[in-house]
Every structure is written in C-alpha cells, then in structure tokens.
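Next come two complexes built around chain A: one with chain B, the other with chain C.
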Partner chain A sequence: MDHIVHTRSLSKRYGKSLALASIDLDLGTGITGLLGPNGAGKTTLLRILATSLAPSSGELRVLGQDPGEPAGRLEIRRRLGYVPQEVGLYDNFTAFDFVDYVAILKEHADRSARHAEVRRVLEEVDLGDVRSKKIRKLSGGMKRRVALAQALLGDPTLLVLDEPTVGLDPEQRLRFRQLISRHAERRCVVLSTHMTEDVEALCDRVIALDQGRVVFDGTPAQLAGVAAGRVWVADSIDAHAIVSWRTGEGRHRHIGEAPAGAEVIAPTVQDGYLLLNGGVPEVTAA
Partner chain B sequence: MSWHVDQFASSRYLAGQLDSTSASSVESHVLVCDQCRAELGAAAGEIEATALDVAWAGITDLLDRPSVGWVERVLQRMGCPDTVTRVVAATTRARFSFLVAVAVSLFLAINAARSPYEKFFGMFLIIAPLGPLVATAGAFGRWSDPVNELAGTVPTSSLRILLVRVTASVVPSIMLTALSIPWLIDRGWFAVAWLLPSVALSLGALALSSWVSIESAALTLGGLWVAVPISVRLPVSDLLELLGRPTQMVSLIVIATALAITLTRRNAFEYREA
Partner chain C sequence: MIAEAGLARTEGVRLLRNPLVWVAMAATANMVRGADSSSGSVDERYLALVGYALVLPGLVMVLHLILSTLRSRSCRSEELLGVLPVGADRRSVGHALSALAAGLVGAVATMAIYLVMRPESMLGRWDPSEQSMINVPRPNLAQLMQGPAALVAIGVFVVAVVRWIPTWLVIVPLVFLTFVQALFFGLFFGVPTGGLSWLWPLVTGSVHGEWFGCETAAGCGLPVSGFDRITPWWHLAYLVALCVWLTTVAVVRHRRDRRAWAAFGCSLAAVVALAVIQVMTSDTYTTIVSAV
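So, the complex of A and B:
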C-alpha cells in the first residue's frame, strides 16, 4: 500500500541548529498525533509535510509526490488542508470573506460553486450562523474554527493541523474530535498537540518527538503502557517519584519507579508521556 | 387506455413548449389516467423543487457575497477576475493604516521640498522612494501578512500572489508620492526623479527576499539608500547632480538585475528554505 506520508532520514537545520534529525515515518489513513515539548521539532515537521518549508536533507514523499519538484508540489497542495500554529486571519474580513479568499488561493475559480463550498465548510465547523460577522468580533475559539474551516476546503486527502485545539472550550473540543474523526475515516490527519487527552481520545497513532528525534512511535495504549507498573498513589509525597502531584481526592499520584508494596494504578497516556520526558532509560520506540 | 403521455411530451408540456392542441390533449388525458397524472405530478414537483433550490441558492449567494470596495470594483470593471481582485482587496484592506503613515510622511517631505533651501529638496528625493519600499515590505512577509504561512501551502503560485500584493501596495504609494508633482513642476524632470529609485528599491527588496525575509531585505536596501548620500558628505549641488542621471542609470540597472534574479530564483519563492 502507498503511504500518504513517507520520510527517510528526513532532517532540517536552521544554521547550526538541528531541528529534525533523521526522521523515518510512514503514515497512512487515520489520525496521527505528534507530542513533544516546545522546541521538539513538531512544528518544523508539520511545516515540512505541509510544503511550507523545504527539508535540509533526506527523502520525502507526500501523497506519492516529491515536494521538491514543482509539479509534485502543486499536486500535494491541491490535496492538502493546513492549519498553521499561529493562525493569521484578516480581522476586517468576515468569516465568509476569509474562507472565500483562501478558496480562491486554492483554485476554486467558479464563484457559485466556491461560495457553496465555503458555506459547507463553515457549517461543518458550526460557524454557519456567524459567517457574516467580522473576524475581529469572533471569540478565540471561533477564530480557530475559521482556520479549521479553510483547511477543510475541497475535502483534502491530507490534513495537517498544528495545535488545533488551543483556545477551544471543552464542548468545542468534543465537536472538533467528532469532526476530525469523521474526516479521518478515509484520509490522513496529522496533528500536534500538548494535550494528551486529545491524543487518547482521537489518535490511532502517537509519535513523540524530543530534540528533533522520534522517541516514541506507537498507539496511545502503548504509550500509556510505557508507565505500566510505574504509577502509584499514596497518602503523602514519595521520594521515589520522578513526578508527583496532589489529586482532588487529597491523595498523591506518583510516577517513577514504584517502591515495593506501593498501591500501583492503571497508567494513562499522560503518565507514559511524562515518563518519556522524565528520561527513563529503557523507554524506546515501540 | 390506448396511449399514455410519454416522457418527451411530459417534459415539453411542463416547460410550456407544446402547442395548444397537444397541451389540451395532455390535459384531457391526465384527467382520466391515474398513471400519467401521477407521473406528471411527480415531474412537476421535481421541477418546482429544483427551481426553488436554485432560487434559494441564488439568494443565499447574494447575501454571502463579500462586500466589494471601490478599488476592487474598478479592477473588476477593467476585466480583472475576482481571483485577482480578492487578493488585491486582502492587501489593500490590511495595508490601509500603513498607507496613511506613508501619506503623512510624504506630506512632510513635500513641504520640505517646497522650501527655498535646496538641501530640503535633496532630502525629499531621498525620502520619497522609501514609501514604496515600505509598501513592499508591508505587502507580504511573516511579520506583515498574517496569512503568509498559509499562502505558502496553496496551489496558487506564491510568486504570483506576492507580485499581486506588491503591486497592490506599491502602486497606491507611488500614486501618493506623485501628488507632489504639481508642487515641484518648476524643477522639470527632477519632479519625478524619485520614481525610478522607488521602483528599483521595491524590486530590489523583492529579489533579495528570495534569500532573506522581506523585512530584512527592505531594511538593508533602505539603509544603504539613505546612508550612502549622507556618508559621502557632498555639497548640495553635487548631491542633486548625483541624484540626477547617475542615480537614474543605476536604478535602471538595479531594476533589470532584480527582475532577472526574481525570475531565475522563482522556485525559492514557491518553496522556502527557512
């Protein structure tokens, strides 16, 4: 089967700084979540997949095309939806005007068909009723949804979303999950996030990056499994813990090497991710 | 029943294209034939529903149609497709505030140019090309255009978008600067001596932006343009001489070189290295 995204030894340098180091990926349909601390290389990787940025070296195929070739790049861009990390919108445009503007840039030349498509994507993100409002009058969450709407134009095969749930309230995040999971049934969605609960709820696959390298590649359950036997609760702070915090029930939740006799509990994706960042030596890519 | 209304006759009847005798015949027949009445009724319903859908879509489209400013209307009347005029609109609406700033600075420069002191006219010739240069820097770029990142990932050529945006910013700023001509008409062709340097600086910044950000390119060229005349410390008459033919010739060379660089490095605009 042809992969929608295929990379081998993909690297990116900014001057002397190495942002991505020899990334090997094969992504097909479904939702892949990128996790990692700030500066891990998530945005750089997404920008490269979205053809916004050229890699420094390595092999890259997106939708079977080489973005380094003008014809291949054009083909990718025709089948791509992208929401950058810092979504820039024209505040003096209405939501409809803005998405219509992007639709023009996406070669939707016929005006009637284009306007129908703009209405469709705005309805998809529940902004149909406010499409005539100026963007400056929309809430932060609504602005994120305008950005998402433009990415859905033309029903793209590859959807690249850089931190799409930032600024969304819980209800909007739930709607976002429904929308993206519906869209991903036959397509490839790659998103970055700091929210492990989004990964747990939405992604088939999770890739954790740190300092430009893949430090984990597997399912959310496998990431949670990294912390199996290493999460326990106690009535007080435990010196064995790498990370610990007091829960709402007044007990302390600990992550690390559990001492003998500890009350071990089931780990979550967040626990696994925290252990990755804690640098526990035996954690490797699945 | 010996006959029925066929599909051809039915569609022509509903479209009002049957002659009166045939139409009467169809109407007489459907009064007594349940099958044809049902089929004709269904077809009429479909036509009405389709017509209603079309009418409703038209109304919605009219209501949603983006508001069009005068610049866009003028361009549309000149035959520009809305795929171009919308990009111009996006640029001009976003750039209105900076155009006001350019207008104010030029107003001050024009006043200086009308001064009896030749030194001020020299200052005007140096300051005036900076307006279009600032317009170029403001037309696109990561800091000045909020949609810059997104626009680099769409099928429309980035260089094409960029050229439309630069034109949409530079032309108004040149037109603003041209308002100075009536006050300077007694200076002969020197009244437009700022024009070629303006174009040269704008195109030069555009060409340089295939390597560095447009803001850095504009700052470098603008800095050089101001620093060189100041650093040579020429008498005013010699400075004006320098801003005359020599500067015009250099500007032409810069324009030709910038165009050649932009064309040969067009792939750098389409697929950014940083």
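So, the complex of A and C:
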C-alpha cells in the first residue's frame, strides 16, 4: 500500500541538539494528531513534512515524492495545504485578497476559476460575510480561519496544520472539527496540538513525541487506555497520585497508581497523555 | 510565467490603488502646469517631457515597491509562502514585473503632459549665453518613453536590491542616488550630457560642444549646443536589458541553477553591449555636432 507520508529513521539536528531522532512513520488517509510538550519536535516534524525544512538524515517520501529533489518538492507543494504555527497574514489585505494572493502562488491560473475557489474556501471556513474586511480588523479566531482557508485551496491531498485551533472559541473549534473530519475522509491530515480534546474528537491516530522521539503511536482510545485503572476520584487529595485536581463537583480527580479500593473511573486521552509525560518511559500500542 | 504574471498584476493593481502615488501625481501635475504657463521656460517643458516630471511619483512608487517586496518578510509569511509551488525566485520575477505598473503610470503621465503642452516641432528657443538662441526641439518618441522606462528600471532595481538586502533602509541610498541623478544629470538644462551620463536612467540628451552656427567668440563654447535624438533609442534598449538583468539578479538570490546563471550572464552581456553602443553613439553624435 502506498502511504501519503513515509519516513524511516528520520532525524533532524540543529547544531548539536537533536530535534528529531529516528522517526518511523507511515501515514495514509485520515487524521493524525501530534501531541507533545513544547520542544518535543512536533513543529520540526511538520515543517519537514511540509517541505519547509530538510531532514538531517533518514528516508522521507511524501505523496510518493522525494522532497530532496526539486521536481519532487514542487509536486508535493502542488498537493499540500499548510498552516504554520505563525501564519504571517498580510494585515493590509482583505481576507479575499490574501487567500487570492496565495491562490496565485499555488498556480491557480484562471482568474475567474481562482476567484470562485477563493470564495469556496472562505465560505467553507465561514468567512464569506467578512471576505472584504481588512485582515487587521478580524478577530484572532477569524485570522486563524483565514489561515485555514488558504490551506484548503485546491483541495490538497495532504494537509499539515500546526496548532490550528489556537485562538478559536468553542463554537469555532466544533466547526473546525466538522470541516477537517469531512476533508479527511479522502485526504491525509496531520495536525499538532496541545488540546487533547481535539485529538480525542478528531483523530484516527495519535502520535506523542517527547525530546524528538515517538513515545506513543496508536489510536486515541489506546492512548486513553494507557491510563486504564490509573484514574480515580476521591473526596480528598490522595498522596499516591502523580497528578490531581479538584473537579467542579468538589471531588478530587487523581492520576497515578490507584490504591486498593479506589473509585476508578474511565480514563480520557488527556489522562493517558499526562501519564506519558509523567514518567512512563515508552508505550507503543499493539 | 502565468503565476508570475498573476502576481505582477495583483501587485501592480495594489500600486495603482496607493493614494500616495496619486497625491504625488497631483503635485507633479501642479508643477508641470507651472512649467506650461507663460512664465514657464522652455527648458522646464523639455525636462518634464523627457521624464524628469516623474521624479516625485517615481520616488513614491519605488517606496511602494520596496515595501511590497519586503512584505513577506515584515509580515513573517516566509514559512507559509516558502512551501507554495511558486517559490521565492518566481515571486522575485512577479515583483519585478509589477514595476511595469510604475511604467504605466509614467507613460500615462507623460502622455497627459504631452497633450497639455501640445508642443510644435520646436518647444521653443533657449538662450544659454544670453547672446544667442538655440532651438529646443520637441522630444522624439524614444525621449518621451525614457521616463516610463526609467521608472520600470528603477523599480526592478529596488526589487533586486531588497531581495539581497532585505530592509526598508535601502530607501536612504536610493533617495541619495535620486538626488545625484536629478541634480547632476538633469534638472539643470545647461549641464551637458557626456557619454557616461547615458548609463543613468534619465538623460537630458543635451549635447556639449561648440554651438552649431557659432560665428563669434562670444557665442562659442556654449554648454549646450544641440540635442542628441539618436542615442535615446539605444538608451531605451539599454533600459530594457537592464530590467531583464536586474530581474535575474533578484532571481539568483534564491535560485542558482544553470538556467538562472545563463539568464544572468546573457542579460548582463546585453546590458554591457548596449551600454557601450549608446556611449559610442552619443560620443559620435557629439563629435558630429561639434564638427559642424
């Protein structure tokens, strides 16, 4: 089977520091979420997939092409949608003009077809009504959606999104999930996020990175399963817990090694992720 | 080239929509109206027609081109734009082509000045020595096109400079060069055009030498004895070649394959050849005028 993204022993160094260490991935259609603390290597991996950055070593094929070759890189870029962490929108442009500008640079040659495509993606991210507004007058969430709109131009086969839900309000996040899940039915979407709820709600697959290494690769349910039997609630703080907090109901939720007789509850993706970061060395789902 | 043309169109339209360009044009129109009135001198009319009227709007348009070329950097968009099929090298071509909009503005302005002045075959008579008059001819088509072509060349020049030195501070040496161009190679009608003057974008075309028809010692050795109307055609070709070469200078900032270097080398050769031809032509013309 041809994978949309295929890596073997992919590494990236910045001077002496190792940002990515021997990453092996095969990604097909669907949504893959990257989780990890700051500096884990998520953005570096996404930049490499988006051809913004070259790996230091290892094998990489994206959409069947080698991004190390100019022709292959160009072919990838023609079928790629990318939202970097910092998009850098042109504040003096209207939303329409900016997306149109990107469309020109995506080689949408025919002017009327291009304008129709720009209107389509702006409608898709629910910005049709404000397309003539200057970007500097848009809210943070709207700007984020402009960034997403430009990535959706031309219906790309591979969508790489670096923290796409930052700045979106809950309603916008729901719309984002709806949009991305619809898009991913026949496409490959790779997104990085700190929001475990997004991963739980959206992703078919989750990859957790830490210090440039894959520490988990599996489904969200499997990540939640890492914390199975290790999440419990009690009326007071339990010293056995690695992490605990008081819930809105006035009880204390604990993660760690549950004591005998504890009131164990169903874990979430966040619980599993917190446990990964809490010292579990390496967990690979079956 | 379709994407580059599309980018040039977008950037060109943005330049034309810049209100400062039209404010500068209004100021220029006011100055030209003064030159065309009864108090205006023939030299002012001549200089306005050969492109010097475009200095102020030219400066504004150059500033616009600097900022638009720098936009991806100042807005921190390079990471996004860097993974699009049209890369930085092709964007340079698009930005360079957008300088044609500046040329268009210049051409329309020159045409408007021409229509307002409605010059006869002679613009008038001018007295460089206050003793004898010389005829100042109406500039020919090559001279009329010199201003718009110079605007395009300067526009492409700033795109190339900004690609290599990506800061808006490049405006400082550019303003200095504009003053050098205006003060030492124009504005003063009496400053003669030597051969090397033709390397600058704007040239008055006034020829230094013994005045044609000189009979008495008092009237001889005038700073201006005539007007070179042949070299401007070569100068236009030189400016076009310069635009192409400067575009390749911008392109090789981000792309250094064999094709880019070949374009760079060929266009540079054309610039040098045309520079030599125009200097030789101008020197020959000066000699002929002097000999007569």
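We take it that the second predicted complex is superposed on the first by the 280 of 286 C-alpha atoms of A that agree within 3 Å, B and C clash if a C-alpha of one lies under 4 Å from a C-alpha of the other, contacts with A are read in each partner's own complex, and residues count from 1 in each chain.
As a convention for this text, a residue touches a chain if its C-beta (ideal position, glycine included) is under 8 Å from a C-beta of that chain, and two chains touch if they have at least 3 such contacts.
Here the structure is a predicted model, which means the values were calculated and not measured.
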item: Overlay on chain A: chain C relative to chain B, clash or fit; value: clash
item: Partner chain(s) touched by A:Leu105 [first = chain B, second = chain C, both, neither]; value: both
item: First (chain B), second (chain C), both or neither touched by A:His183; value: neither
item: Touching partner for A:Ala54 - first (chain B), second (chain C), both, neither; value: first
item: Partner chain(s) touched by A:Pro84 [first = chain B, second = chain C, both, neither]; value: both
item: First, second, both or neither for A:Leu74, with chain B first and chain C second; value: both
item: A:Lys42 touches, of chain B and chain C: first, second, both or neither?; value: neither
item: First, second, both or neither for A:Thr94, with chain B first and chain C second; value: first
item: Which of chain B and chain C A:Arg253 touches, first, second, both or neither; value: neither
item: Which partner, chain B or chain C, touches more chain A residues; value: B
item: First, second, both or neither for A:Ala116, with chain B first and chain C second; value: first
item: Stretch of chain B penetrating chain C in the combined three-chain arrangement, among 39-47, 111-119 or 165-173; value: 165-173
item: Overlapping contact positions on chain A, where the chain C interface meets the chain B interface; value: 47, 50-52, 74, 77-78, 80, 82, 84, 86-90, 97, 100-102, 104-107, 109, 111, 150
item: Interfacial residue positions of chain C with respect to chain A in the complex; value: 2-3, 6-7, 10, 71-72, 75-86, 91
item: Complex contacts: residues of chain A adjacent to chain B; value: 14, 47, 50-54, 67-68, 70, 73-74, 77-78, 80, 82, 84, 86-90, 92-94, 96-97, 100-102, 104-107, 109, 111-112, 115-116, 118-119, 131-132, 150
item: Residues of chain A defined as touching chain C within the complex; value: 47, 50-52, 74, 77-78, 80, 82-84, 86-91, 97, 100-102, 104-107, 109, 111, 147, 150
item: Contacting residues of chain B [partner chain A, same complex]; value: 57, 60-61, 63-67, 81-83, 86-87, 90, 93-94, 145-156, 161, 267, 270-274
